[in-house]
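A short write-up of the structure that comes next.
Lettered A, B and C in written order, each chain numbered from 1.
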Amino acid sequence: MSFNVERGETFGLLGPNGAGKTTTIKMLITLLLPTSGSASVLGLDVVTDVREVRRRIGYVFGGDRGLYDRLSGLDNLRYFAELYGVEPREQRRRIGALLELVGMTGREGERVEGYSRGMRQRLHIARGLLHDPDVVFLDEPSIGIDPVGARELRATIASLKDQGKTVLLTTHYMFEADELSDRIAVIRAGEIVAEGTPAELKRRVAIGRVLEVETYGVPEPVVSALAELSAVRSVAVEERDQFQVLVLQCDADSDVTQEVLARLSGVRVGRVGVREPTLEDAYVQLVTA
Amino acid sequence: MTNTRIFFVGGLMSFRAQFNWLNPWILVPALLVSPVAQILLFAYVGRAAGVGDDQFFLVGNALNYAAIPCMFAMTFAISGERWGQTLGLVLVTPARRLPLFLGRALPVIVTGWCVAVFGLAVGSLLLGVRMGATVWPGLVLAVCVTSLSCTGLGLVMGAACLRVRDGATLGNVVFLLLLVFCGTNVALEDLPSWMAAVGERLPLTHGIEAARQLASGATLGSVSDLLVRELAIGLGYAALGLATLGWMERDSRRRATLERM
Amino acid sequence: MRDRLRQLWLCYRLQLKILLISPFEGFLGIVFPLMFATATLMVYAVNGDEAAMAYAGLGAAVMGVWTSVTVSASTLLNRERFAGTLELLVAAPTPFSMVLMPITTAMATVGLVSVGITLVWNRLVFGVQLQIQNWLLFVLSVLAATVTIAMFGFLLSVVAVRYRTAWALGASLEYPGWLLCGFVVPIALLPVVLHPISYALAPTWAVEAMRIAAAGGNPWNELTVCLALGLGYAAFAAFLGVRLIDSARRNATLALT
């Protein structure tokens, strides 16, 4: 697979579990050696210019591991600041600013073992930014965080972009990728299956709209019949508790609602709605096609 | 029949599941290298100090090390299950407690026995201690009795582990007590009297004494009272352990401490 | 250079902080060698030879340093891996050796506590008087023992990383080290085939230097050999460390738990 990320861009890497997102990131941050091909970060080769690459990138992964539980948050930051060779005077200023950024000022003296998952994640972000890296790699940063924390996290990531940093982000949350990324690549089994801005991806996959119909006990032949309508590209049935939702990907300028309802005569129908496709629709179609 | 199966099959399964001693990467260093190294360490200390003879330290330390699997295996079998949250699952089964826990003890006793016999054999080769072929049957029996009684102590510690969080530390401390108090390296009569009195009440002490006399050529008949006392002490600890387990089990049901980490 | 020293010092201090936070773990690290020292001195006490007791008492004091390093250094990388910090340490621009060395040095420093405790214990329980002719050289020798054992731990941590059950390896080095380094038994008593191993172990020379300094002699030769061996361990470990990290990067084994 091959892709480019421009300076100052936030680039999203999407794909199902095992698609190769983390492996890609780990090659770029010099934790893995590529078996073939090449990669460079800021024009530096990740195999030959290891030290220089490491100096200029930051790496943050999701989950609550990767911290020294027995040290305070502050000591964790000091430890890694030292390993990244941050000047002593710079260190103090930088740590203060980062604690402010991730909203942890006042709690930095406590031991990490007492931190909540969200706090650990925010500390991780601060750790990854200690040496003011030009490129930041975020590997599923919001995994396991509550909705409020995740929203704050998104705000923090958005602010990185404002500071002119290049961000490479992987996530399973489509709205997160949609909201944050300038461009997105969807990978499946180690290959890029689509690349573009979130809007482009939505358009490329389903230039059109999505019709959703709630039904109670729709028979299989009826579903097949719906798929044969000329303006309908695909039909998916999502099983809910008491009913099924038919998700029909339709051509943009068509209005098939009446036709569909006509074919559903004799089936009990609940709510009917038309909406624009989301990134998730695009994603699901890309990785299952 | 059910009890017999719980005893043998259940015991073996939990032994394998819980602590993997069968993995050679642990078995060889922990249960074969270390006991021989301990025997050599004290045999050379004895030589340097001009105290005792090689056989004295060989027998004392080989039997002392047999206590390691006996105590740790029981402790791990119980604390390991608590760690894996399976203790509750085991205890809610209707299986009788006695075969359940004794079944766990059997493979442990066999391991302890093997460790001590291996230590005796390799240690005697390395140190050049010559013991006649006629000595070995009695010695092997003494080792067997000693492993049994140490497992009794292990049962008590296993019960304690329903309450004490750090079973490994507890096991080490008890092992150190046995090292210092049981005449492992200093004959009981050379110990201060209060230490000797403690040693008299611990497993291992009489087993070591009997094994030493047997190694020097004494007949089985002449050490039988030592072996009986060793066995009695071991059974006493085993009874105490089972009683404590039963009490702890009821108590932890009442106070919900079973799954507490 | 100054930056490097600062980094080593801060890493050392923070790692020491981590180790000192759990007194319960430290308890066993001190008590275990102390009880073995006790058992050893009890054997020596049967004949009551004061010179022999003093000899063994000095060496027994260093047993704890050896224990605290071998037992914990062999699992060092596996623990970092388990905590998820191993990847972050490797991804940092600081050479990996410079990250590991302060950690094993902190472990050895914790062992220093047991030097003091053992000496006091020997005095109180066995009445072994500590008679030191040259305190400066004696303390220097104890520090040499600490530093070189730390370097041995550094080497051990790198060697043991592919060994999943490394704790068993570390624990099984404990007794042989006590014996081979001549802590409580003169090396001359050991079989001749073992002498080369003893002399290849830096602590052997450090303990010898301690005894010479205590007797008022000149231990500089022993100290020089000791430090040279320690440097050798560190160089070899650094070399292995680079190879190891490369292999882990090639085979994707850094993150595995």
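Here, contacts are C-beta pairs under 8 Å (C-beta built on N, C-alpha and C of every residue); 3 or more make two chains touch, one makes a residue touch a chain.
The shown structure was predicted, so the numbers you read here are calculated from the model rather than taken from an experiment.
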item	value
Distance-maximising chain from chain C - centres being C-alpha averages	A
Geometric centre: closest chain by C-alpha means	C
Chain centre separation (chain A, chain C; CA means) in Å	47
Rounded Å distance, chain B centre to chain C centre (Cα mean)	30
Chain A and chain B, separation of their C-alpha mean positions in angstrom	55
Contact set on chain C toward chain B in their complex	24, 27-28, 31-32, 35-36, 38-40, 42-44, 46-47, 49, 52, 56, 163-165, 168-169, 171-172, 174-176, 178-179, 184-186, 189-190
Chain A partner contacts - residues on chain C that touch it in the complex	3, 6-7, 10-11, 14, 17-18, 21-22, 83-85, 87-94, 99, 246, 249-250, 252, 254-255
Chain C contact footprint on chain A (complex, rising order)	23, 26, 29-33, 35, 51, 54-55, 59, 61, 63, 65-71, 75, 78-80, 82-85, 88, 127
Residues on chain B engaged by chain C in the complex (per definition of touch)	23, 25-26, 29-30, 33-34, 37-38, 40-42, 44-52, 166, 169, 172-173, 176, 179-180, 184-186, 190-191
